[in-house]
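Pasting a structure here, questions to come.
Chain IDs A, B, C and D follow the sequence of writing; residue 1 opens each chain.
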Amino acid sequence: MSRIRTPVVIINFKTYPQATGENAVVLAKTCEAVSKEFNVPIVVAPQISDLYRVSQVVDIPVFSQHMDPGEQGRFTGHVLGEALVEAGCSGTLLNHSENRMQLADVEMAVTKARKLNLYTVVCTNNPNVSVAASTMKPDSVAVEPPELIGTGISVSQAQPEVIRGTVELIRDVNKDVVILCGAGISNGDDVSAAMKLGSQGVLLASAVAKSDKPGAVLRSLTHPLRK
Amino acid sequence: MSRIRTPVVIINFKTYPQATGENAVVLAKTCEAVSKEFNVPIVVAPQISDLYRVSQVVDIPVFSQHMDPGEQGRFTGHVLGEALVEAGCSGTLLNHSENRMQLADVEMAVTKARKLNLYTVVCTNNPNVSVAASTMKPDSVAVEPPELIGTGISVSQAQPEVIRGTVELIRDVNKDVVILCGAGISNGDDVSAAMKLGSQGVLLASAVAKSDKPGAVLRSLTHPLRK
Amino acid sequence: MSRIRTPVVIINFKTYPQATGENAVVLAKTCEAVSKEFNVPIVVAPQISDLYRVSQVVDIPVFSQHMDPGEQGRFTGHVLGEALVEAGCSGTLLNHSENRMQLADVEMAVTKARKLNLYTVVCTNNPNVSVAASTMKPDSVAVEPPELIGTGISVSQAQPEVIRGTVELIRDVNKDVVILCGAGISNGDDVSAAMKLGSQGVLLASAVAKSDKPGAVLRSLTHPLRK
Amino acid sequence: MSRIRTPVVIINFKTYPQATGENAVVLAKTCEAVSKEFNVPIVVAPQISDLYRVSQVVDIPVFSQHMDPGEQGRFTGHVLGEALVEAGCSGTLLNHSENRMQLADVEMAVTKARKLNLYTVVCTNNPNVSVAASTMKPDSVAVEPPELIGTGISVSQAQPEVIRGTVELIRDVNKDVVILCGAGISNGDDVSAAMKLGSQGVLLASAVAKSDKPGAVLRSLTHPLRK
């Protein structure tokens, strides 16, 4: 797996109209511009139907929002790793709180992604689940208390113990996994707080994907991460 | 909805490696060539991540293999109608036997697709379910006995009563819906049999998508449909 | 199927602590007492693990809150019709908004229940879905706008057009199915309104199952239904 | 949690007709008789609707085949821990291969069961998933390669490395969890082999629940476990 440099910012485009189709392309280009201007790794995660379109025009990592486990063949409507590679993806979110996966399927998808050299970010809802996910050896785990997602109340400021507890518990079982946090991250202070608690990056969505000034938000978010 | 002329042939690319990424583009072009040569409507249904790529290079209808119900916004990894429109789709399969949907979600997706001018094909497993689906007023219903899918044993020859029964029962509640059949369709004789039983087209996958001579198979399949 | 006399009141015990275990037995006996006192059919739907316990001590119909489709054998944790019969059930709710089922599974479960002589109540969320469900020939359809469930705002008073529309549309395709309504029903006025709109009974939960005086609530609810 | 003595034999009744309703009671009594005769702990896991009926007449542990996560209240058809306690259960299987649960739900259910003093057996499909499950601190993990379930080909003889690998990997993260194995266990030799590989008991279904001589099968199975 070509590792991604940390600290990293991952932008989940979700299914916001401001981040769909041609808008996804424009937003991804804005992310790319800020990433290059400040030399901070930014990853974009557009909708599955936009992956090819976006990956063709930006030179930053493009991740899928989801990947199904399973081998190529008799599946209809499923999103397999091989198709993600063909679409220009270099990684995928897994088990997002809006797209929870079965325990066995998370493990199967992580294992499959590793074979395909796709970077995996397993989303989790609390420290215990983060530890369980870490034992499956994904590239990264992103803890996001579901009750804060989309609220603008940041996990790093409102529930610092979640991040601190997650980092401590994970390191007992996995020294290497990249630990991210998400939920409610909307400005540089949230990012700073997350970094101080041991997070190696952030996963966020609405603050950027719904903004009418995403470039300004990205500048604020990445400020504490610049060298 | 811009109606699709019948009889129609819909090719589900599933997740076969021969129909993924660049291979999906090549296969779609073969479908387009046969469609134009013989003036028979052929619809292609590639994987979601290939929709944009395919729709940019062919001039035949491109359908999604699946669409989730729901409005744009806070969904991650979901496939919404607006994104399909942006990706160049003009329709979608729904409730395929490999991707069954909840009763309420089928209705919500059909209603949403209608607003977006997306053609809907609701897949069903028997005559009773076909009738239930028809009352939701999709553009088309495709009955496919799951036990025959991928077998090469065609529904039209092995279970003619399924098609005949479906046609009769549906017409009591819906005069307009286009009735298709699928499962095991692999040559012109299967298509002829389906047409005689009242089907207005066929939905198939492996016979074309796994073939090393898809053009030849398509020529055979469309032979009984030429004017 | 031994038909259930209408108008009928069905009490869904959900998983309320006041309606679990020994409390379920006490509540079912209260329902039985009111049913006999006023000669109004009342059906109780306790949790699956309470079905046997309740059915042994009351002489009114006991329904399950859910039933899975499928034949006896290799299923773990599933709730099959044969087990419901053994537990003393005479019917089941299907597709409750808190336990939505796939389109094909609703049809399979209705068909299986009919063979086992179990009365079926398919829950639906709007008039269109009610029509689709009616074509599967269950004994009853219960329309419940999900946004009103548990609110105390009754469908019959807040959304009369939902009940009226459901009744009209269903009768085009099924003359016999018993049409119920639910969501927010909490007193006799709500029941009266439902009856006037063409409903043949009501399905409700919290107003009775969470009440500390369920007998009084049942007396109010059944008042308009007494002969 | 009142611990269960090991080695232990858990009999999953699944939904076999021979283990439903009154038959479940008879089979549970046979299990009880063998358990007492040879002083080997045997746990029975009947269908949810049979739990109360069985727990009232036997004096061995009765487990549920499944438990949903979540708090009491607005759920319909769900199986909550409090209801299991009321039904006389002292534990539950979770995440059986025929009833897979989401990663976050497994953790939530294990945590809830612990509060209710219910013994948890998390079923897993391979060594990696077993380790992930073990970090959630259930009482027990039962590894069962799904492809062997119901075959009569025992995991302990056909895939010894699965058991050995599971034991080794789990002990790195959890010293206390009881490690069981299942799939294809049908006689005393299978049990002996499992014990030698480090298993502390077995989980099985068809060999007992479908047998017309379950007592004889249980005597064979428990032979290697007698003191």
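Just so it is clear, contacts are C-beta pairs under 8 Å (C-beta built on N, C-alpha and C of every residue); 3 or more make two chains touch, one makes a residue touch a chain.
Source: prediction; values computed, not measured.
Listing every chain that touches chain C and chain D alike gives an empty result.
Set against the Cα centre of chain A, the chain with the most distant centre is C.
In whole angstrom, the spacing between the mean C-alpha positions of chain A and chain D is 37.
Averaging Cα coordinates per chain places chain B and chain D 43 Å apart. Shared contact sites, meaning residues of chain C that touch two or more other chains, fall at 97. Taken as a contact graph, with one node per protein chain and an edge wherever two chains touch, the assembly forms a single closed ring in which every chain touches exactly two others. Here the touching chains pair up as A-B, A-D, B-C, C-D. In the complex of the two chains, the chain B residues touching chain A come out as 12, 14-17, 20-22, 47-53, 64-66, 72-80, 82-87, 93, 96-99, 149-150, 205-206. Across the complex, chain C is touched by residues 95, 97, 100-107, 111, 124-126, 128-129, 131-133, 135-136, 173 of chain B.
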